[in-house]
Every structure is written in C-alpha cells, then in structure tokens.
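Listed next: structures, encoded as structure tokens.
Paired with subunit B in one complex and with subunit C in the other, subunit A is shared by the two complexes that follow.
The block that comes next holds the complex of A and B.
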C-alpha cells in the first residue's frame, strides 16, 4: 500500500505543484494589483479552481495510465483494484484540494478584510473546494473506462456543463424541487451566483446528497476497474 | 532548378487547401456579411475583413506552419525524404516559403479588398504595411515549434503559447517596445508612425529569421523536444500567468492608498464636494422592502481633512425634496445646471418632457441656510416646436440666467431663488467639433449679454464634453469602438469663436477593454491630472484612470485605481485625491509624473 501511494505521488506530485503555483499566482497577481474588485477576483480564482482542477486530476489518474499502457501491469499486481482506486482517489482529492488551499491562503493574506470580509472569503473558498471535490468524484467515476486522457477530458467537460445546467434549473424555474439542485455539486456555490430571492438548498442537505452520490459512484468505479482487470 | 520546381509543386499541392480555407474564412465570410448588409440596410457593398484578420490571422498562420512541418516529420516519412537526393535545408526552406506565402496571402488579400472597396481608413492602410511582418513572425514561431516537437497537437499548443507571448510580453517588458503588436492598432495617432512601423517590421523580421534558423537547425541536426504533458501544461500555465501579470502591470492599481474609510455594507459614495479642508460626501444605498419595492436612500456625511487624514461625520439621512436636491447634485456634470454667482446653495436645471409636447421646464433648487430642507420651484419655459435632442444648455452670469434649447430664455436672477423671465425667443445652435483630436474652431452661440467664456461653457455643456475653465482644457469621452478620451487646450477665445489645439488622444487597449471598466462617466481635472471615472454600474470591474496632461505623453495613462463601485473623484490641491466607491479612499498622485 505504501509503495502504491509512493508510486501515485511520484507520478502526480508535479500536478499538485503546478496547480498550486498557477492558482496561487493568479490570486496573488490579481489581488496585489487590484485589477478587479477583490470579490470578483476571488470568484474568478474559485471558478477556475473548481472547473479545471477536477478535470486535470480525474483525467490523469486512470485514463492516462490506460493510454500509457501501464494500467494492465498495475492491475496484475497482487493488490485489489479497490485499493488501487482508493489510493488514486486520495491522490486526486489532494490534487484538487491542495491548489484551492494554496490560493485561499494567498487571498486571505493579501486581501482578507480589505474589500471582502475574511469570513466571507474563507466560506467562498470552502464552498468552492467542496464543489471541486464532488466534481472530481463524478468525473473520475464517469471517465474510468475511457482509453485516453483527451477523451476523458472531453467527457469531464460535458459532465461539468450538465451539472451546471442541473444546478441552474431552479434559477430558471423556482418551481423545480430543491432535491434536483442538490444533485449537482455546483449547488454548493448557489449563494454566490444566484439571486437572493431564490433560496439555496441547505448546505447539509447538499453535503448529504453528494456524499451518497459519491459513495455510489465510487463503488461503481471500483467494480468497473475490477471488471477491467478480469 | 528542376529540384526546386519539384519541391515547390509538392509543397503547393499539399498546402494549397489552406489557401482556399483561409480565403474562404477571411474573405468569403465578410463578403457574405457585406451582401447581407447591402440588402438590409446600407445599400452599398462593404466588407469588414480586418477584425477577422487581426484576431485570427496569426492563429491561421500558426496552423499552416504546424501542419506543413509535422506532416513530413512523422516517423517513416521523414526517413523517406531524407533518403531522397534533396538537401534537408533546401527541402525545408521550400516548405517555409510556400507556407509563408499562403499565410501572408490569406492575411493581406482580404485587407486589400476591404481597402479597395472604399474603407480607406488610415489604420487599415498602415496595417497593410505591418501585418505581413507580424504574420511572418507568428508563422516562423509555429514553424520552429513544429520542427522541434513534430507532434501536431503539442506543437500547436506550444506555438499558441509563443503567439500569446509575442502579443503580450512586449506590454510588460519595455525594451521590447519595437515589437509591441498592441501599439500597432492605433499607430496612426502617434508621432513618428513611419519609424514605429519600420521598427516593428524589422523586429518581426528578426524574430522570423531567428525562428526559421532554429527550425532548419532542428531538422538538420535532428533536435527534438519530447513534448509530454508537463511541457504542455507548463507552457499553457506560464503563458496564462504572463498574460495576467501583463494585465496586472498595465492596469493594476498604482496610486498609493494613504487611507481607507469603510462605509456600511450597501452604501456607495455618489459624490464628494470638498473645498480643501471641509466638504460633504453624498452616499446612496439601494434598499428593497418586504414587498420587493426598491428605493434609494441618500445620506450626507461631513468630510474633514486633518493632518491625521480623512474624518467622516455621522450619517444624516435626507428625504423628500432635500433628497432630490442632493440626488441632482450627485449627478454631477452629466445634468446641465447653473449656479448663480455667490450662491453655491442654489442651482438651476432645465429639463425637457418629451412625452408632453417637448415642454421645457426650469427647476430652481434652493438649500435653506440651516441645510435642513430645500425649496423647489418650477417654471414652464416653452412647449411644442421641434423635438429637442439634448437637454437644454443653461448658464448664469451676473444677474442673468440663460436657458438655450429650441428657444433662448433669459431670466433675471437678482433674487436667485425666484428667477423672473425676461424674454423667450427662437434659438438654434449646432456646434461642430474636431475629429480625431485635431485642432478645431468652435463657433460660440449668439446669446446677447452672456460673455464669451460663459457662451463657451454653454457650447461645451454636453454629456460627453468637459470644459475645465481654470486649465482652459476641453476633454471629450466617446465609447464608439471602445472607450476613448481626447483633450484640447483653448488657444484663442474671441467673441464668436473658440480655437482649440489638440493635446492628445487615448483609446483603450485590448487589455483595458478586457479587464477594464465600462465607458467613462465623468472626468475631473486638477493641476494637470485628469481623472476619468468609470460608469459606476459595473461594480465588478471598476477603476479610475489618471492622465497627466503636462507630460510628453499627455493622454497615456499615468495611474490606475481599481475598487468596486467607484463613482466619485475629488482631486485635492496637493496632488492627492479622494476616491469614493463602496468605501472612501485617500490616494496619492501617480508614482511617476512624466
């Protein structure tokens, strides 16, 4: 198990560094130069984070390994596919959360309580991180069977767009039941983008629904991987 | 010669498809648009190919170069061609030449057609001189990328990164000014345009030669970059950061913030009046009640500037007519008004009711001595007549008030709070200004009794013009084709004519348009520093641009200050300024006055 973790870390750590540097640098440049309002800048950084990081992380785990031809060798090792997927998932979650945390630290240090309340800034980053983590699980599970990184990226983008539509259903028609919006991880940031007149789904409800969905998706993904090994 | 001819034939056969595609996009699509325009509105065939060429010409050249190189550098095909009795250098030089000819043709021919069909715009004429060199440089960068990487998708991404660097790096690295592509789009407005174009052409030609040499050497000596994920991600990420850093360098706030005064959530500064020591800040707040009805709450705060900094007094909510008084006052110079000499608490406005037969009304606001209420009265001036395009001009001089619209109404304001109509006669005035910041003469309206200076102020009393009598400077803002500011200095004023000489012109760059504020809402000038305040409804991207009119580059931005909700600027005598938005800031002058 430790060797598996070391192997995944060795292969993916550059992405963690890349994502952290780029996202934190964007936040630093934007907030330092005050090219945009602080709230707008933070929202842009969060948007880039939760839209690009899950795609970057999910496509580089299983599809990339399959296109490189090393997945079969990995699955032939005396390690259950479930464990392999668990390690990959953990690394993927780190790839998503790490850059967001780095950007949040930079933003708080530079512009906390300047134009934007510190608590509001932290909450925005936290909600964006939850969105990104949920999106990662969706994308990883749905792209696990694809043979190449490019196709996985295309599908992941499609998943993002579809989930955005689902999350915005209530914005277009407030009669849509709240459970529909809770199906999409983008509901975590409903309060940020939506009109105050349209109530957001409760946070705990979204967390509960997303955890349930994540459990189902992850189980399905591990079975897909195991079937691929067989 | 036979060998060259064969190579030429081969390359032409393989690459000509790009010529047809390029001409179809850059010439065919604009022609379709021109035909549509002819039948729908203009009744004259015009094409506008230049936007397409300027935006996508470089990308097209890049794709041609990548396709041309990577096609024959695939494993197997490359070895086949190397086994032929053809020199590698000759082979690739022919590739380069054919691809370059196609790229330049696709970029230049549509511009020539647009020029010939009548759009003899000076910028387009100059673009015909520098565009081929830009195209050659971008093509050469992609050519080198293709020779080094040999995989089309990866080479295209690296070439795209190179393209973005060529466009944006010169903006932040001053020694690279000669290859500043963004500056070429308004080179006609600059002094020494020919020298700038020649320098640009030489710079781009130099880039093209270096990249060509690199590409040829890469093929000759079998150099290759193993382009993996890290290189692609790194290249794209690095370019993204460089572009953003460029924008931050150009547009970032560089006015030193000396003090920030927080306002309650939702309150925004609407206007600041300050005499150097004391003043008043007017704030507005949009309030929504339980029934969803919106209203604006206006508050006043006293403003004191002490050695310790700004001190704001307690807020005082104003309602009714008093709110209307300060609301009008907060509209600043956008609403023409006049104040009787020696009575700053009285002002007059003229308005047209277009729905009621073009009735013109004079409104008189008079703030009571204890500032607790305002008296308001209205006088109907005229109705009927031709539709008035603009709000009437209004000027006060001595004990006379003049309202100039389709008629000229003259009032006796010996008692400022009760203007008495003396006469109302037919009137017509249609001033003409200069174009493109050239010198011009402005005919003054014929208003008996109003001095030339007052008539000049009346003539320039329009939403887009700002005349600063203390500096004798006239500024104009325009949002046609992007935000623009032009400035002139009054050189001669006679009884009938005012002559203005140009100071300069500013047109927002691509980056400023991408990140910048909306059009200029108002301008204020003090001590040679011109502050352009953005349209405040764009709360997200909102910054003040400061121009130094006394330097060698008068209408080049000397300072920026960005913050949400900026709506008011009040320059102070010592070079500092008060800027009001969702907070109140005391800022210093721009760091370098030219």
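The block that comes next holds the complex of A and C.
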C-alpha cells in the first residue's frame, strides 16, 4: 500500500502544486487588485476550482495510465484493483481539495471580513469543495474505462454540464422534486447562485445522496478496473 | 513424498478446459483445451490475433472467461488472482513500465508486492543483464526495457513464468541475447515456462512442448520432438497426387511442376497407407516454422483438419 501511495504521489504531486499555485495566485491577484467585488471574485475562484480541478484530477489517474500503457503493469501486480483504486481516489481527492484550501487561505487572509463576511466566505469555499469532491468521484468513475485523457476530459466536461442542468432544474421549474436537485453535486452551491425564493435542498440531504451515489459509483469503478484489461 | 505432494508435483501448472471468450460479437477463444505439464518450456504459438494474449490475460485473472475452466498452479484465476500473481512471473507483450522511475526505484517499488522476492538474485540478474540502476526507464533502449521486465518477472523466483511474445519489437541481435538470458536462467532452475511467440525459429531450440492456437482453437498440442517425428513432408511424382490426397492426417498438398508435396500429421499412418503405392515417395523433415504453417494454413483455408487445400504452383 505504501509503495502504491509513493507511486501515485510521485506521479500526481506536480498537479497538486500547480493547481494550488494557480488557484491561490488567481485569488491573490483578484482580491489584491480589487477589479471585482470580493464576493464575485471568490465565486469566480470557486467556480474555476470546482469545474476544472475534478477534470484535471480524474482524467490523470486511470485514463492517463491506460493511454501510457502502464495500467497493465499495475494491474498484473499481486494487489487488488480495489486497493489500487482506493489509493488513486485518495490522491485524487487531495488534488481537488488542496488547491481549494490554498485559495481559501489566501482569500481569508487578504479579504476576510473586508467586503464579505468571513463566515460566508468560508462556507462558500467549503460548499465549493464539497461540490468539487463529489464531481471528482462522478468523473473518475464514469471515465475509468476510457483509453485516453483527452476522451476522458471530454466526457468529464459532458458530465459537468449534465449535472449543472440537473441542479438548475428547480430554478427553471420549481415543481421539479427536490430529490432531482439532490442528485447533482452542484446543488451544494444552490444558495450562492439561486434566487432565495426557491428553497435549496437541505445540506444534509445532498450530503447523504452524494455519499450514496459515490459509494455506488466507486464500487462500479473498482469492478470496471478489475476488468480493465478488456 | 506424500501422495498429495506427488500429485501436486505432477499435476499441470496450467489447465484450460473448453474456455471461450468474446469481445462484443467477436469470438476470440472458441473452446480452448490445453494442459501444461510442470517443469517444461511450453511454446504457445499462433498468428497475430489467434487469441494468445487473451488466453494469457485469463491465466493471470486479468480477464474473465465467458465459459470453461481455467486453472493455474491448481488455482482459479478469478478467485485466487493475487496468489497466482505472487507465484507466477509475467512478462507482457511489449511491456510498458513506469517511465519516470529509475531502474532501481522500479525494483524497490515492485519488491514489496512479492513475499518471495530474492534481492540477491535480483542483483545478480541486474548485473547479468547489465542494467543501469540509476537510469530512468524512459531513457532505456527497447532491449534494456525488456530485460528490466524480465528481471521483474524472475526476481521473486516464480514457479511458473508466462512470457507473452517478449521479443516483439526487438532486433535480431537483441532477440538472441534475450533468449540466451532466458535459457541461462532456465538451465539453472526447474521452473515451468509458458512462452507465447510467433517467431518459431527462435523458440524451437528451447521448447519442450508446443501448442498451436488458430482462430481461437487449439489445433495441436504435442512435445516438440514428437511433432518433429510425426509431421513430415512427402514428395512424390505428380501421378501420386490422388494417393497423397487420400492420406490420413493430411495437412497440406501443393503441386510444384511435375511433383506433388504433401504434409501429414502422422507419418506412421501415412507410411501404412502408402504401402500399396508403386511410385517413389520421399520423406522430408520439417522445422517448427513449417509445421506451424502446415497446421495454420490448412485452418485458414477453411479446410477441415484432415483435408488439405490444393495449391498449384507454375
């Protein structure tokens, strides 16, 4: 297990550094120059974080190894695909969460309680991070059998757009059942982007539904990886 | 030695019974039966696309058969894949290793997965293969990469080594060196080797037994010496064409000028059948390459095993 973590860390750590530097720099430059209102700037940083980081992380784990041809070397070791996927998932979650935390620290340090309430800023980052983490699981599972990063990125983008439609269904038609919105990780940020007249799904309900979906998707993904040489 | 231990020692290291596998509508394996005795170097031959790699992936539990039974070292690859991979050395076709790792790092990465890893032996192999331990894998030549992969397949002292066309992409000198390294290893250990290849002249000197796979079916499995003794080419005047075409175990017939040549799978039966033939019939030995061609071309021409196609050459 330690060697698997060592391998994934060596392969992926540059993405963590790159993502953290870019997102933190964006927050720093935006909030320092004050070209936009603090709340708008933080929303932009969060939007970029939860839309780009899951794509970057998910496509670089399994599809990249498939296109490089190294997946077979990994799968033919005496280790279960479930364990391989567990390590990849943990590293992927770190790749997504790390840059969001870096951007949050910079934002709080520079503009906490300046125009935007500190607690509101932290909540926005926290909800965006939950969105990003859930999106990562969705994207990682659904792109696990694709043979290249490019094709995986295209599908991940499609998944993002589809989930955005699902999350916004109630904004278009408030009669749509709440459970539909809860199916999308983007519902975590409903409060931030939606009209307050349309009630957001309860946070705990979204967390519960997304955890359930993540468990199902992850199990399916580990089975797909077991038959990955097909 | 107890009865159980004796049975284990003599039971096949690989056994396939009626194995079938399809990818979507394409049936790749169509009822494969084969049995590999322990301690042998077993050549698994077939043209590209015959189903060799699919079979090997099933042996390691990387693919699930649609039907049939697979046993490796007496274990089921679907249930005991990890145990099999611990006890088997596997060298994939055109192996791709982690390019960013140095050779030494790759060995350190792989070692903990194998309880039987022999570090001294790994060091000896690295010296023998002249591997640069500080060089990144991506900067190695093709020949060096294949040797690294061979080292990884052998360093845990496996009971069975599965090699999937390991010399693919190597130049002739590198192929010779690779086989020399392999033979050196085999001479030192009584390990079973399952060697898939389509370069028959190279595998011929090392193979104890041969199985030929064609379009998803085993067309022949036999010890190499027996195959060489049984499969012969017969050359006779053109007037004997009808007699040759009626021979039992006929694999191929071709007419060349005023002569007819036939390849038979059972020379003893053919001799008996030709006792009454008044024309002179000359017997010729075949190498593995020619034997393979006779079996596979007969299959490709859609002729049943005992029927040959007639090729007329001006």
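Here is the rule we use: the second predicted complex is superposed on the first by the 228 of 230 C-alpha atoms of A that agree within 3 Å, B and C clash if a C-alpha of one lies under 4 Å from a C-alpha of the other, contacts with A are read in each partner's own complex, and residues count from 1 in each chain.
Going forward, contacts are C-beta pairs under 8 Å (C-beta built on N, C-alpha and C of every residue); 3 or more make two chains touch, one makes a residue touch a chain.
Keep in mind it's a predicted model, so treat the numbers as computed, not measured.
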{"item": "Three-chain arrangement built on subunit A, subunit B and subunit C clash or fit", "value": "fit"}
{"item": "Partner chain in contact with A:109 - subunit B first, subunit C second, else both or neither", "value": "neither"}
{"item": "Partner chain(s) touched by A:3 [first = subunit B, second = subunit C, both, neither]", "value": "second"}
{"item": "Subunit B versus subunit C as contact partner of A:68, first or second or both or neither", "value": "second"}
{"item": "Partner chain in contact with A:216 - subunit B first, subunit C second, else both or neither", "value": "neither"}
{"item": "Touching partner for A:11 - first (subunit B), second (subunit C), both, neither", "value": "second"}
{"item": "First, second, both or neither for A:80, with subunit B first and subunit C second", "value": "second"}
{"item": "First, second, both or neither for A:22, with subunit B first and subunit C second", "value": "first"}
{"item": "Partner chain(s) touched by A:36 [first = subunit B, second = subunit C, both, neither]", "value": "first"}
{"item": "From subunit A, separation angle of subunit B and subunit C (C-alpha centres, steps of 10 degrees)", "value": "130"}
{"item": "Minimum C-alpha spacing, chains overlaid - subunit B and subunit C, in Å", "value": "12"}
{"item": "For the subunit A and subunit B complex, residues of the former touching the latter", "value": "14-15, 18, 21-22, 25-26, 29-30, 32-40, 56, 60, 64, 115, 149, 197"}
{"item": "Subunit A residues touching subunit C - in the complex, by the definition given at the top", "value": "2-3, 6-7, 10-11, 68-70, 72-73, 75-80, 227-230"}
{"item": "Of all residues in subunit B, those that touch subunit A in their complex", "value": "229-230, 233-234, 237, 240-241, 244-245, 247-249, 251-253, 292, 515, 539-543, 561-564, 582-583"}
{"item": "Complex contacts: residues of subunit C adjacent to subunit A", "value": "23, 57, 60, 62-64, 81-83, 85-86, 90, 92, 94-101, 108-110, 112-114"}
